[in-house]
Each structure stands twice: as C-alpha cells, then as structure tokens.
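For reference, chains read A, B, C, D, E and F in written order, and residue numbers begin at 1 within each chain.
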Amino acid sequence: MQMGWKRIEEIVDRALAEDVGWGDVTTEALVPAELTGRASFVAKAHGILAGVEVARLVFHRVDPAVQFDITITDGNSIQPGDAVAVVEGKVASILKAERTALNFLQRLSGIATETNRYVEVVKGLGSRIVDTRKTTPGLRILEKYAVRVGGGHNHRLNLGDGVLIKDNHLAALRSRGLAMKDIISRARERAPFNLKVEVEVRTAQEAVEAVEVGADIVMLDNMGLEEMRQAVLLVKGRALIEASGGITLDNVRRVAETGVDLISIGALTHSVRSLDISLEM
Amino acid sequence: MQMGWKRIEEIVDRALAEDVGWGDVTTEALVPAELTGRASFVAKAHGILAGVEVARLVFHRVDPAVQFDITITDGNSIQPGDAVAVVEGKVASILKAERTALNFLQRLSGIATETNRYVEVVKGLGSRIVDTRKTTPGLRILEKYAVRVGGGHNHRLNLGDGVLIKDNHLAALRSRGLAMKDIISRARERAPFNLKVEVEVRTAQEAVEAVEVGADIVMLDNMGLEEMRQAVLLVKGRALIEASGGITLDNVRRVAETGVDLISIGALTHSVRSLDISLEM
Amino acid sequence: MQMGWKRIEEIVDRALAEDVGWGDVTTEALVPAELTGRASFVAKAHGILAGVEVARLVFHRVDPAVQFDITITDGNSIQPGDAVAVVEGKVASILKAERTALNFLQRLSGIATETNRYVEVVKGLGSRIVDTRKTTPGLRILEKYAVRVGGGHNHRLNLGDGVLIKDNHLAALRSRGLAMKDIISRARERAPFNLKVEVEVRTAQEAVEAVEVGADIVMLDNMGLEEMRQAVLLVKGRALIEASGGITLDNVRRVAETGVDLISIGALTHSVRSLDISLEM
Amino acid sequence: MQMGWKRIEEIVDRALAEDVGWGDVTTEALVPAELTGRASFVAKAHGILAGVEVARLVFHRVDPAVQFDITITDGNSIQPGDAVAVVEGKVASILKAERTALNFLQRLSGIATETNRYVEVVKGLGSRIVDTRKTTPGLRILEKYAVRVGGGHNHRLNLGDGVLIKDNHLAALRSRGLAMKDIISRARERAPFNLKVEVEVRTAQEAVEAVEVGADIVMLDNMGLEEMRQAVLLVKGRALIEASGGITLDNVRRVAETGVDLISIGALTHSVRSLDISLEM
Amino acid sequence: MQMGWKRIEEIVDRALAEDVGWGDVTTEALVPAELTGRASFVAKAHGILAGVEVARLVFHRVDPAVQFDITITDGNSIQPGDAVAVVEGKVASILKAERTALNFLQRLSGIATETNRYVEVVKGLGSRIVDTRKTTPGLRILEKYAVRVGGGHNHRLNLGDGVLIKDNHLAALRSRGLAMKDIISRARERAPFNLKVEVEVRTAQEAVEAVEVGADIVMLDNMGLEEMRQAVLLVKGRALIEASGGITLDNVRRVAETGVDLISIGALTHSVRSLDISLEM
Amino acid sequence: MQMGWKRIEEIVDRALAEDVGWGDVTTEALVPAELTGRASFVAKAHGILAGVEVARLVFHRVDPAVQFDITITDGNSIQPGDAVAVVEGKVASILKAERTALNFLQRLSGIATETNRYVEVVKGLGSRIVDTRKTTPGLRILEKYAVRVGGGHNHRLNLGDGVLIKDNHLAALRSRGLAMKDIISRARERAPFNLKVEVEVRTAQEAVEAVEVGADIVMLDNMGLEEMRQAVLLVKGRALIEASGGITLDNVRRVAETGVDLISIGALTHSVRSLDISLEM
C-alpha cells in the first residue's frame, strides 16, 4: 500500500484517542486482562475491499501483540460471508480497537466500491474516473487512496500541487481587464514550472481558446454532451480534457463516450455509503 | 454553539493543512494580494443547516481579517436559494478557505438534515433519536454536534464515558461461567459509580432479567417489534430501553410506537449524503 | 496496569524533556558511554507501592536496552529496605532516568499510601473512599490510578464524564426561579442519558427532596454527622449518598458509620507527601 | 512574572484538556450560555500567594472575554478572608475554569508558603534556601517559580544546565581508578565552560580536597553540623558550599549558622500542602 | 509575502524555543522588566534583503507589544549603513528576540543576495535561475522564498509535487528491461495527471529521445556546453530544458547562452554565506 | 554519539515531512514496491565526517527494514572516493530518504571540516575554538554537535544556560547609573548560582576591572592583538578569557598566541559550505 504511512499513523492515533478516550470503562471493569480470543472481519455486502491494512494498523496501535492476518487484500471484490481478516490476541485489546477499525474499513471500502461502479460503467472507453477535493476533512489521503483502490485516479491532492484556474479566478481577473491569454501566460510564468496549467471553461469555444494560449488541461464545467463532443473535436489531443459537474452512474458512460480524458466526480467522497463489514468473535 | 472549541480549531487547522498544503499556487500566481471581494454561501437544496460557525472558523484561521456574517444560524431549515452567510475580504483568502469550509458545512448539514428526518417521523411519540460510535474518524465531536442540531441526542461519546456491556462482553464472560447477575454487579462495583450500566440483550426476557439485577439501560439488539413491545411492557419504566439495529426511515415510527425510550441509528453518521451548498462570488 | 498507556507515555516524555533538557552534561562529560551498571530501587519507608511500571517506562523511554525487573508490583505494601525493582544497563542511561523515575514513583506511592490509610480506617463498613478533581495539573490519570491502587475509587475523571450539580449551579439557576425539580429534570433531559445525575445538598431534607425528583446521587456537602445519618435514613437506598468536605483520618470512620456510600477526600491528591524510595547503585 | 510564558500556556492547556474533557456536561445542560456572573478568589488560610497570573491565564484560555482583576499580586502574604482576585464574565466559563485555576493557585501558593517559612527561619544569616529536581513531573518551571516567589533560590533547572558530580558518578569513576582530581579536571575540560562544577562530598576533608583541585561548589551530603562547620572553615570562601539532606524547619537555622552558602530542600516541592483558597460566586 | 504563514510561525516558535530555552537568565537577572528601548537593524554589507517580515514575526512571537517598523522591504538591495527596520519596546523582549531574528534575516538575505548574483549575470537571456532540494532541513519553505526574493524561481517543493525521473530511477528500471519510452509512458499513466514529467538525461540524443516519447521537461545533467547547445537545437521548444550540475557564477552566463530554459544551482541553498546585518540599540 | 536523540528524531521527521510531502510520486509511479537495491555514500572531497548516524536515522525513519552499515564514523577525516556507509533495502525507501540524509550529512560534515581547520591552525597553543548562537534556526543541537566532532567546543546552548552580559546589557544598565561592579554583583546574586558570569569588554583595562569585581569569564570583543595580550597579562589566570569578533583562518593563530583561553567564531555555523558527499546506487 503506497501511502504516507506516518501520516496515516497520526490519523489512526487521533481516531483512537477520540474513540477510546481515557480508557474502555466497560472492558476494564469486566474483562480479565489476560483473557485472549479470536475474531473475524466478515463482509456483509458485495463490494471492493479497501483499508484492511489501516484496520491492522488500528489494532497494532492499540496493542502490538495482537496477531492480525489478512486473508483478502485491498482491491479485491468481496461477497457477503467472506472472511477478510482474522485477529487474535487479548480480548480487551480487540474490543478497544474494534469500532475504530470498522469505521475506517467500512468507509474506505464504501468509497472503493462506489468508485469501482463508475470505473466498470466506462470500461473500454478511454476516460479515467477521478476524484475531487470534496473529501472528508482530515481523511483526504485515505479517501484518495480508496479511490485508487477502486480503479479511479486522483486529481490534485491540494491547492499546492496543481494549477487549476477556476471560474472565480477568471471572474476576478477579467474584471481587471485580463484576457484568457494573459491569465494563462501569467500562470505559466509564475506558478511552479513543473505543474500543468488547467483551466475551467464553460463552452467548447472557450476550451479551444484556452488550449491555444497554452492550457495543458481544460475542465469542462457542467457542459452538455454535445458541447463536450465539440470540445473534444476542437482540442484534437493538444490538451487533456476533464468533464466535471452533475455526473452520475446514469450518465457517466455517455460522458465518457464524448471522448473526454478525465471525468471527475465529487460524490465519490462527499457522499459515502459505508460498506457493511462486521467483526465476529 | 456548545462544543469543545479548541479541539475544533485543531480539526479545522488539520483540514486546512491538508487542503492548502504549502500554499495555493494558482491563486498566488494569479490573484493580486490586495484584491478584495465578497461571496455568499447559498443553499442548493432543502435541509437543516449545521456547521456555519465551523465554516466561519475556517475563514478566520486562514485570515482573521475576513468578515464573515451569518444570516441563518445552525438548526434552521434552509431552502434552495437561501443565503446562509456572506464573506468579505481578500479574494486570495476566500479562495483558500472555500473548499474546506464547504466540506465541513455540507457534511454537517447533511447529518443534521438526515437526523431531522428521523426526528420528524417519530414526532409526538416519546422516543429520542440517538447516534452511535459509527462516526467518521477524527470528526466525532462535530458529527455528534450535527446530530443534536438535527434534533437527535447523543449516545456516549467514547468508550470512557459510558458503560455498555455488549454481546461480545457477555459471550466472553459467560464462557467463564458468569451469569448476567454477576456481570452487572461486577460492572456496578468496578466501573465509575457515576455512569449508568447499559446491557445489550436479545430477548424481552433477557431485558427484564438484566433490569432486575441492576441494569440502568437495556439495549434491544435487532429485536422484532413484538418482542420490543414485550420488553417495554415487562420492564415497566424501571430502566431506559434503547432499540438498535436495522432501523430505517421506513420502520422507525413503528419502533417508536413500541414505547422504547431511545432509538439508535448508525447511518446518521456512517452513511452521510452532503447537503448541497455552494459559495458564489 | 489498566491505564491509557499512550497518554502516560506523553506524560513521561514531557517529564524527561523537562528534567534532561538538552542532555546530562555531567554524565556526558564524565561517564564513558559504554560503562554498564546495576541499581536497585529501595524503599526507605512503610507504605503502598504505586507507579513501578511508570518508573520502568521512564527508563525505557530513555534507553529501551535497559533491563528493568520488577520485584514488587503495584498495590503491595512495602517496608524500609525492600528492593522494589532492579535496573541494569548503561550507567549513563540509569543516571539520566533516575530522578524522573523517582519523582513519579515517590509521588504515586505517596498517594496510594495515604489513600490506603483511609481505606483501612473504614474497613468493614460499606463506604468507599473516593477522590476528587483536586489533582495535580497534568497528572490526573496517574493520580487517580494511584488512588485505585491504594484501594480507593475514582469520582468522575473530568467535567465531561459525570453530571454533578454543585452549589454554584444551583445558586445561578435558583436566582432565575428554577426549583430543584426543574433543575434535575432539565439535567436528565439534556445531559447524556448514560450519566447519573448527582446533586450537591446542604441538608438531609434537601437530599430527600433531590432524590424524590430524580437525583441518582446526592453529595452531602460539609454536613454534620447527625445530619448525614438523617439523610441516609430518609433516602433509604433510593440513591447513592456521598459525603464530602472536611474529612480527615480522624473523623472518617465516624462518617462511614453514618452509612454513606461514598466519602470523597481532596487531600488524597492535593496535599501529597512523597513516599521515600531511593535508587542505589 | 518572569517565566517562559509560552510553556506555561502549554501546561495550562493540557490541564484544561484534562479537566474539561469534551465539555462540561453539567453546565452545558443547565446554565444558559448568556448568563453572566462574578466570583472572588478568597483566601481561607495564612500564607504567601503564588500563581495568581497562572489562574488568570486559565480563565483566559477558557474564555478571553472573562474579566480577571488581580487585587493581590504574587509574593504578598495573605490572610483568611482576603480577596485575591475577582473574575467576571459568563457563568459557564467561570465554572469551566474554576477547578483548574484553583488547582494551580493552591499548589503554587502552598510551595511559596512553605519556602517562605524556611526563608524566615534563616533570616539574617547568609544562607540561601534552594530547591532541587524533586519537583512534580510536568510542573517544574512553575514550582521553581513558586520557590522564588517564596524567597528561595533555584538550583539547576535540569541536567543540561548545571554540572553536579554526585556520589553515583564518583563511585562509577573511582571504580575505574580515577581520583577526585582527575574527575574534576575532566569535568572542567569536557563540560560547557560556562557552567560551574559542583561536587557532592561526604566529609569536610573531601570538600577541601575537591575545592583544591578546582570544584566551584561543594555539596555537603547529609553531613553533621560539626562537620559542616569544619568544611566551611577549611574551604575559606574559595568555593560555594551547599548543605543537603535531612533538613527541616526544626534544624535549618542551625545548618545556616554553620556558614554554608546554600541549603537545598527537596520537600519544598516533593511534599506540598495546598494552600486553601476558594472561588466564591 | 506569499508564504504558508502558519508553518513559518511553527518554524519561528521552534527557533525561539531553541534559542531562549527556559528563559534569558542574563536579562532576567539584570534588566528591569519595565525598561523600554529602541534598536535598529542596520546593514553591514551590500546585498538583497530577505526575511524582514520573518524577523518581525520573531519579535511578535516573543512579545506582541513590540513595535516593529519596516523601512526596507524584501527584495530591495541594501548598502552598509542602511536601516532596515526599527524595533521599539521592552528591552528584555528585544534582547530575547535579537539573535533568532538575526539568524533568519542574515541567512535569508544571504540566499537572496547569492541568487541575485546569478540572476544578474544571465540577465537578458531567457534562462531562469532555479533552486533544488538541497536546502537546510527544516527551512525549505523559507529558503525557497528567499530564492524568489532574489529573482530566482523554484523547482519542485518536495517529492510529492513534481515528477522527476533521475538516473537512479532509470538505472533501476532499465535493469528490468524497460526502455525510456516505457518508463515515460508509465509515469504519464500512473503519476498525477496534473504534474509534468521531467527526465534526467546525459546526452543531447537522450534528450530528444525523451521528448519524443513524451517528456515535458528534460534535465541535462552535468553536460558540456556544446552538448547542451545540441540538445536545445534538437528539442526545438517541444519541452522545457533544465541545465544542472557544476554551474557557478563563472560559467552560468555561457550555460544560459546555450538557450536552456532553466538553470538549477544547489549552492544557492546548500552553501550559504550570511549577509552581515546587525541590531544596534 | 551523545546527543538528545529524541529531539534529533523530531528534527529528522520534520525534514522528511518537508522533503517527502505526501509521497514520492515519481518513485511510486515507476519503481516496483518490492525491488531492492544497494547504495553507497561516497565522499567527493577532503574533510571531517559528521552526521553519519543522523543519516542512518533518516533511513530508519523512512523504513526500519533498511540495512545501514557505517564504515567510517564521525570525527574521522575522509578523502574523495571513501565509502562512508552502505545502505541496502527497498529501492523506493532509499530514493525517498536519499536527499534528506545527504542534506544533513553534507552540512554537518561541512561544519566539522571548517571547525577542524581552525583547530588545526591553533594546535599546540592553549586556546579552544568555540562556537556561538549564530546557528541555523532549528538545527542548533546538531550544528553544535558537528563543532565538537571537528574538535571545537561549545559556548552556551541558549539564553537559559549561560550568563553573558553583552554591551547592550551594559549600555542599558549604565544609563541607569550602575557601575560594572554593581552589574556583576547583581548577576551573581540573581542568576542561577551554578552558572559562571561572563562579561563582554572593549579594553584590557575593562577586562581587569570586570575580573576584579567578580566576572568568571571576560569576552574581548573585536579587540586588537596587542590589547588582547595586555588583557591576558593583566587578568593573570583569575578568569577565563574569550576572544570574539573578526576572527578568520588567517588571523586565528595570532589570536591564540596572545594566550586567550577561548576563541569564538560565528562563521563556523552561520556560513557553512556543504562537504560534497553523494549516494551512488
């Protein structure tokens, strides 16, 4: 799993601090410290698994002595009844880690599953499904990972690693008399030279214009299918084209058929349905 | 807004660090530092507003000089087109804070809205809608706040501030020969004396038994409506009764009609649909 | 030892940062890095041991290679001359950890010892000795642990995990026209449902009144023995009764004899006398 | 108040996090957010005040809008009934900050008061009363401040800002064949040149020997009064002399009369009795 | 100054913690707390000023009441004797902040000055002077800022915001049978789509080859001038060209004359000579 | 290596966070996760090695499984071509740690090498070469370590562990009518008794005067050689003498020949030239 592991440790530690508080008063009162047991993560629904190593990390941050064996790795599809992983160790540790581990695993698998639905629908066409910055505050790195696990691709991680000139930028600059040409050449000159310049456009005509003055990527914002097709035709491979806005499982294939390179979907991360997975002792 | 404000600042700061990274390369390249502007948060859907003060905090952490005027406060219902708040200040600051502020506001309003649907459905009956520990890692305090804004109530915040003896505890202890009576009296003796003792039960009979040996609250886990009614009847107000598991908008009123005191619903927080709100310059 | 171990690590790390600063200039100048040695923690006074695992943690945070063997575990009574633990490893590491380890061990043992004196005095009667929030800033979790080691019980950990309506709350609310009944029913309605409601009262009469309108626990504040007896009589087991204020080793047995359930004593933690333990090379 | 203010803020924030937890459930349930009030810190015992600015900081970290007026400043002696400070603002804020503020104020005043007792007893003689590293973990900077407020002086803050060759160092080095002379010259050569070299000695003869080979300070460890007098006589002002070990209010004047420069007392900080101060609404 | 201000605050706070330690013992012993004064930052050498707002931040973190008036702003050239800024406030605060402020100001001005020398030498030619990742650990954001102040441009900030396929990558991949074409197309496919792909090459021929299979930028590593000219000729503007390795003030103009777009110089930040600026009371 | 290891871990972690960001996009896109390799740190210049254990720490923080074998330890002189250390493990880990490890190693070796040049020049004379507080913000502990590795000695670490009365202190105090005698006796009385008192002086006469009223060390600030000789003569070993200001490799031997005890040189750390060391796969 290629992620910034140290930052994930911090996320996990905070989640545990939040869920365990000053200690598990029920377990400490009732369960003998030395009692050991065994439990399985069992899928209760169809989907794509994501986050099982995060779940393992949760257990190991609570108690490094817990044995956590992964049966199914991230990216595989799961069916109700599948045993995803088996955990063995002190019952007190298992009970302390359980909820936090499930909260990560269910959410990340939910994202991977939803992403994968889109990826399957556009299969065979050239478009990539990409995410947005509409992620849950504090979990971006994990949610973007889950998108990749589901077969999607990542848009920029944050405001510092991608140039994206949005309508609000254009409006502010045009009101000061700058044309698209000026705006893009200013971006090329002042922004880090290793970043591509992406511009949000409203019409096919604007798309072409942006590409001709140097845009590396154009984002077609809430454009109709016909207009998109037009944009693809006119840009002729001189830049990447991203479709954005109002895209659902119902219309995504038609969007892909226009020939756009990238289709970005906020709902992959802003409206997640947890995938049902439970821990059975 | 009664929340642990300092912890929310930390959550906001982490979200900004995550979204802004080392700086907004687009805005820094293009937007003159001194340019000022004005933007409105506008509702695009029906729902209950939650998190507008968190949105304000996001702006103030980015730039304390930004003016952020709240028109509609948390807990009010909003309609498409409603202006929720107006922000005024440096355009560069507004663009930097925008996405993070929306990510909080949309998610929290989504939770409040969904919670409120349940609350409305059970209106007039005595049951409270309560949340669970199935929250997004790192956001529990905010999500539980949104549940309250929507008219719901909070279950324990974490493992340290509530005694809840779940099936896994019971299984582990019964396998060592302890009866319900022993288990509950051990909990009363060893857990902090100011916490009520709650026990998860599977049958009405078990519910009564638990109450008779000292449980303060019984949680009816995935019980049928008839069995719930029975439990309410037998317990006769000697303890609080919580219904849990498989509860949806479709069946929640029937559950409430059984007379249970509390109805807990994981989906309030584990499967959130963002409420559509946007920032218009 | 059932404690929030991670938080204790943070406490220990801060204590070491404070005591070691940028390095032990004396030891670094004089003691060869490779020199190894052996030292014993030796009791110099009678008491109850508490914190020996914290002392071990101190050594392991300084140098994980140090061998730390515990001879006597927390909760046992110790006599002058008893070897509590033996530490073996680099002399430089031992000298660096020594003072911090002792500062924890002596203080926690001091608390356990004092608590135990109270516990012994009330032996055979039904009252529990409990602590308060009058702990040393930053050490609450450890000091409350030491109270348990000494045979005492813990009152609420902080303002978030227990409802305790004190005289200042009552005064503020009564000045707004609320009666005890209103106040308690408001607390039951708005505070987390899994927390018991405790109220501070000045007379036996007030105690009964509070219980009759729903208090789960009444705290008898600075009440005379006769008044306490009266309160116990009138409440008749319908709620827990806590005695508080002005309780010393001299009068604690008489207080217990009144039949109160809980006796809380601030001095257990606000006025600690370190138990004399030293490290001998 | 000359202290590392930023570090004290951290100490205060941690203390508040510990005491307030996720919020004050009682106050939030009962006290209207807008209700304001006024309270006084009132002394209940005789002593020396210390920490009133720390108490103010506690209130301001909870709520910057609280008005906190100091009537008596640190270092002044107080009598039962004296109003030390008056606080005015939201009742909810006052109740949240109360316990933590008192925990600091009572403890620091306790230390200043006890220190001052020693200082008064040796008045007129040339000896300074100094503290040790036997402080409460996490509070050293504050406790050493309280010692100064009480008229005492500070020994080194930590292992990094003072060279003190203790018996354990000597034992380790002598076992490798080094004489006092070698040890001290090694310390002078290798330790930071701006730190004085202090050595612990057991006899007057050893004291003289240490001074003659270059010690700047000698610490007389658990020495009898006659032996101390002898050491003072022999050293003849060529080095500072510190008496340490077994010093109480009963014998401290006699120790001072021997002519030692410094008298260090661990009990100033390891066995503190809180000074009784309360907050009255 | 467009920088991630919050992170700079953290850098400044750490620098102060490091330099002030637990307090300024000299100033606290000698300088009356209420004594105020005035001091000027005076240039002692020719150069380009950078970091004066960081210096102001240092003073404000020590004492927000200090008045800090900037006379010359970043990016201006300074002469010996120029007063850069004037600071006024408590003498104790000024003395505490002085060294840390100067350490930042001298170093950043040193970098801006050295960068500007290169920029001046290549003036009129099309090449940009760019920095590298050979920065001082912990100060990258500030050092890259100083490069910009000096007229240079920034290469990628870190490994996450730029694709740069170095010789070590090529070696590892070629040993597994991949050709340049495979490598670049794999990078385009798997790396974030908004980042340009840069490749390190050794010959003009390799440069062309890389561009033809899709490289956006080629880095000519330690290439001779003739070879560079050849590369520029063959690439014909289809990609950006960066010269790197062994570039000094003596040869940088000849490198620029080859027509490369970017000239990267590690010494801008790895071997800094502080610019002499002092604070005069 | 005797350093505050934990603080160095923090420095290393921050440096990695800064350099790796959210992940190494190039390596993650191209290098198979399981690919292993081997690389050597090879010297490219003459000098004194410093920081090889810090380089190891960098690798171990990235990936504890990397094998890092040190061939040459800190303090040894190195020649071009010398293999300093060999690292073996996952190629992805090696590439991620490479730059940060080199940034530390080159800088620290640069400092040790420069320090050693001074030490060699004054060899045979009694003067010690010492550093100053003119270090790189955030790296003081490491830079002072490198000075020791190069044979130099450390001046005070920060404002808290050494009393140094500078011209600015003297000016402020003399303007209030205090004489040198008053100033020094006030310092002895109020500053921690275990710290020596150092005073900055401008003339030999002032030096003697300071020593006679109790200064332990005098710092001759920017004094001529003849004046220094005079100061040494007059002080006659009654205090340590430090020369400071304007000292270079060209004049340092003549300064040492005057008989001063300490020669402090800011350029050791404020103007560092990295020592060329590279990592070869």
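Definition applied: contacts are C-beta pairs under 8 Å (C-beta built on N, C-alpha and C of every residue); 3 or more make two chains touch, one makes a residue touch a chain.
Bear in mind the structure is a predicted one, so any value in this text is a computation, not a measurement.
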item	value
Chain at maximum distance from subunit F, centres defined as averaged CA atoms	B
Chain at maximum distance from subunit A, centres defined as averaged CA atoms	D
Separation of subunit B from subunit E, taking each centre as the mean of its C-alpha atoms, in whole Å	46
Intercentroid distance (Cα basis), subunit F paired with subunit E, Å	23
Whole-Å gap separating subunit D and subunit F, where each centre is the average of the chain's CA atoms	33
In subunit A, residues with contacts to at least two other chains	20-23, 28, 141, 157, 160-164, 192, 195
Residues of subunit C that touch subunit B when the two form their complex	128, 130, 153-157, 160-164, 192-196, 198, 216-217, 240, 261-262
Residues on subunit C engaged by subunit A in the complex (per definition of touch)	2-4, 6-7, 141, 157, 161
Subunit C-touching residues of subunit D, taken from the complex the two chains share	11-12, 14-15, 18-32, 35, 37, 91, 95-96, 98-100, 102-104, 106-107, 110, 133-141, 157-166, 168-169, 171-173, 176, 183, 186-187, 189-192, 195, 270-274, 281
Complex contact set, residues of subunit D against subunit B	13, 17, 20-23, 28, 33
